[in-house]
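Written below as structure tokens is the structure these notes are about.
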Amino acid sequence: MTYRSALIVGTGPGLSASLARLFARNGIAVSVAARNTAKLAELCAETGAAAFACDSTDPAAVAGLFAAVDARQGAPDVVVYNASNRTRGPVVDLDPADVQRAIAVSAFGAFLVAQQAARRMLKEGTGAILLSGATAGVKGFANSSSFAMGKFALRGLAQSMAREMSPQGVHVAHFVIDGGIRSAARPVPNEAPDSLLDPDAIAETYWHVMHQHRSAWSWEVEVRPWVEKF
Amino acid sequence: MTYRSALIVGTGPGLSASLARLFARNGIAVSVAARNTAKLAELCAETGAAAFACDSTDPAAVAGLFAAVDARQGAPDVVVYNASNRTRGPVVDLDPADVQRAIAVSAFGAFLVAQQAARRMLKEGTGAILLSGATAGVKGFANSSSFAMGKFALRGLAQSMAREMSPQGVHVAHFVIDGGIRSAARPVPNEAPDSLLDPDAIAETYWHVMHQHRSAWSWEVEVRPWVEKF
Amino acid sequence: MTYRSALIVGTGPGLSASLARLFARNGIAVSVAARNTAKLAELCAETGAAAFACDSTDPAAVAGLFAAVDARQGAPDVVVYNASNRTRGPVVDLDPADVQRAIAVSAFGAFLVAQQAARRMLKEGTGAILLSGATAGVKGFANSSSFAMGKFALRGLAQSMAREMSPQGVHVAHFVIDGGIRSAARPVPNEAPDSLLDPDAIAETYWHVMHQHRSAWSWEVEVRPWVEKF
Amino acid sequence: MTYRSALIVGTGPGLSASLARLFARNGIAVSVAARNTAKLAELCAETGAAAFACDSTDPAAVAGLFAAVDARQGAPDVVVYNASNRTRGPVVDLDPADVQRAIAVSAFGAFLVAQQAARRMLKEGTGAILLSGATAGVKGFANSSSFAMGKFALRGLAQSMAREMSPQGVHVAHFVIDGGIRSAARPVPNEAPDSLLDPDAIAETYWHVMHQHRSAWSWEVEVRPWVEKF
């Protein structure tokens, strides 16, 4: 499988940038989408990526994003959803509007993006949809109910779509990122080397999965630092 | 634990009615809430329950529901969430508005109801919140992505709340109902006895769980017909 | 379902005794089996149970045990397997003979007992086989590989047998006991009430499961103290 | 991580050979071990591998195997366990000796091999132990209890060892191979391309996992054909 057109939605702590660089380095045209594109100028300059402002929870906005990407670089054959949102605290203290927003960004937006991706990929009978999950998607922690709801829902979407679309040639995969991701704002402590996930290392595993032979596809892969408790 | 005031939200194929009868038979005052209360008159006459019209996805409506129940029968010490919603079909064919509604009814409404319940129960340091899940909450089927998203999210909520509130004395439990439920509209085939879940039998398991000694609580219980494939 | 003849194999910290008392109180004839029956005299006097010495990892001994129970009280219609064994420590330090023994007691013995039980129950098209698992059966902890192997294997046996025998009328269930069990040797700390599982409380859940209506059977139930981290 | 010395235990339908070729092609010295080495001559000629006869369930034989590999090519820094065994049929029909053998080959042998591997790798603070599982390790099928017991136990071992040894620098990973593997004896049907796992494709995923950066390790990866039901 050779990919030509990538779309990465959401910018977390570095993973989207690592993926954009890896894709660009391998000759794949890249678009990145985020609510706020102000911070993406440098990445775009470096990788040749285009940045699109998009609220991933708005169906029309997501449809427009895909149309723009189609026009720029051809229909995307690899789409990554990295956006998420949460509100922390005991259930009794949460503002329902925040919870609704958290579920919308973490899960409903993923549905909208995956639906647009699927419409394009099913026509070709090929492509990859990669959904970035978290430990919160397999374990619901105390004081983290909104994140649990969003990430569990994302995992349900991924598993349902994997069952539905794999036999049609589209590879849907869910990644359980278990641990903090290293970034400029969150450096790795000197006394604990490699104790935070290196976003380039995560990107290597996404790259592997999107290139697996279709006789041996993974639908879910967990990654965590060697020293992480689990 | 002796319960005095029950609230059952959502009316599925019979489980809510079975619970209402079981609760009433054991001297618990019961309220039932649904979007449409037209069909609840007979059950209310039989059990002495009050019926309240309520859209469980509306924060203000849910707050109002609990206030009304408080006034009628005292703050509920056992609350059941039975509502769910789905839209079937391939991902590419779904209407985003339907998907949003499905997630809202199956999961966000459960959050709203559980939040109100928690506020009352944590004050007393006791109570039970019982969430009705489905196989779709542990396995995402093809052509069922909206149901998977809603029911996975519900399970994430339940697990997060169980971790958060069990040590404060509130028992949160999630039930995986794996199979069809027998009803007037869906009778058990003569040639396959007990091949659909009897709602009275499910209610017995809810009853057991809500009465477990706190040294041996279950947070999740699966129930399925003896002949169901799994 | 009315049970008449029970066999409980293995004596852990109190659960077997609680089950024996609960069964006897409800008119079920009880036999208990253990490698060493010296400590069972009091329980037998109290409950009318018979005690049999049996190495549950020896096929001939297990066959003999069932024959003796058949003769005493009729073929058992409810059989509980409580035996387990482990050796703790880092993988590199374990004696292979101890590991082999741990797997044999926790899992192979369960197979032998369940096989004999199944032969009797399938003839009647009814009965219950209840297997006592542990958190180690769903989570493999560090320095606990032998226990993980034994308890994972037990869970695999339980799930396979549930799929195989449920449609033939025999209820196979696996219990995940997550936490320490209160006993004379391990009393509940005063400052942490109900922080250890009460064996009578666990027994109540076994009792519920073995009496579930066959349209709504559980194959696995988890129990843990309200304050237990999970 | 650059590997120099590989040991592959057990020869299934092609995966061991694919791994041996992949390792040899990348400059890693390879030994393969099996109960019967008669069929390994061609592979050894092709890859320069040495073949050792070894019953992996015999502690002394496994210790001897590692000593021989140490002497030939240095202590192995990547060890794969591929052996498994089962006996099919309803629980009531199985011969206990066959069940015992199945558990021994699938799980106890893996322990013996992993223990020897761990002793060598922990000294270096590096290395990879790769355990080949099956769907039977996460789902216990009817009429397959011995395979469920062995493969569940293997998964418990893998998870326990991953928790124990990852923080010491040794990467332990479990692979859930979900589907049949293509071989000369089991060719892929023309009408269902890539419907059986290609052993070279599986080997690529093993290779990826053993080369993951330690900040982003997977402990378990599932692989299945695109068209496989799950």
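Going by the order they are written in, the chains are A, B, C and D; count residues from 1 in each one.
Assume a residue touches a chain if its C-beta (ideal position, glycine included) is under 8 Å from a C-beta of that chain, and two chains touch if they have at least 3 such contacts.
Here the structure is a predicted model, which is why all the values come from computation and not from measurement.
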Centroid-based (C-alpha) most distant chain relative to chain D: B
Measure off the straight-line distance from the CA centroid of chain A to the CA centroid of chain C, and report it in whole Å. 44
Can you compute the centre-to-centre distance for chain A and chain D, using the mean CA position of each chain? Integer Å is fine. 31
Which positions in chain D are in touch with at least two other chains? 163
Give every touching pair of chains, nothing left out. A-B, A-D, B-C, C-D
Within the complex, which stretch of chain A touches chain B? 59, 90-92, 94, 96-97, 99-100, 103-104, 107-108, 111-112, 114-115, 118-119, 122, 136-137, 139-146, 148-165
Where on chain C is chain B touching in the complex? 163, 166-167, 169, 171, 182, 188, 194-198, 200-202, 204-205, 208, 212-227, 230
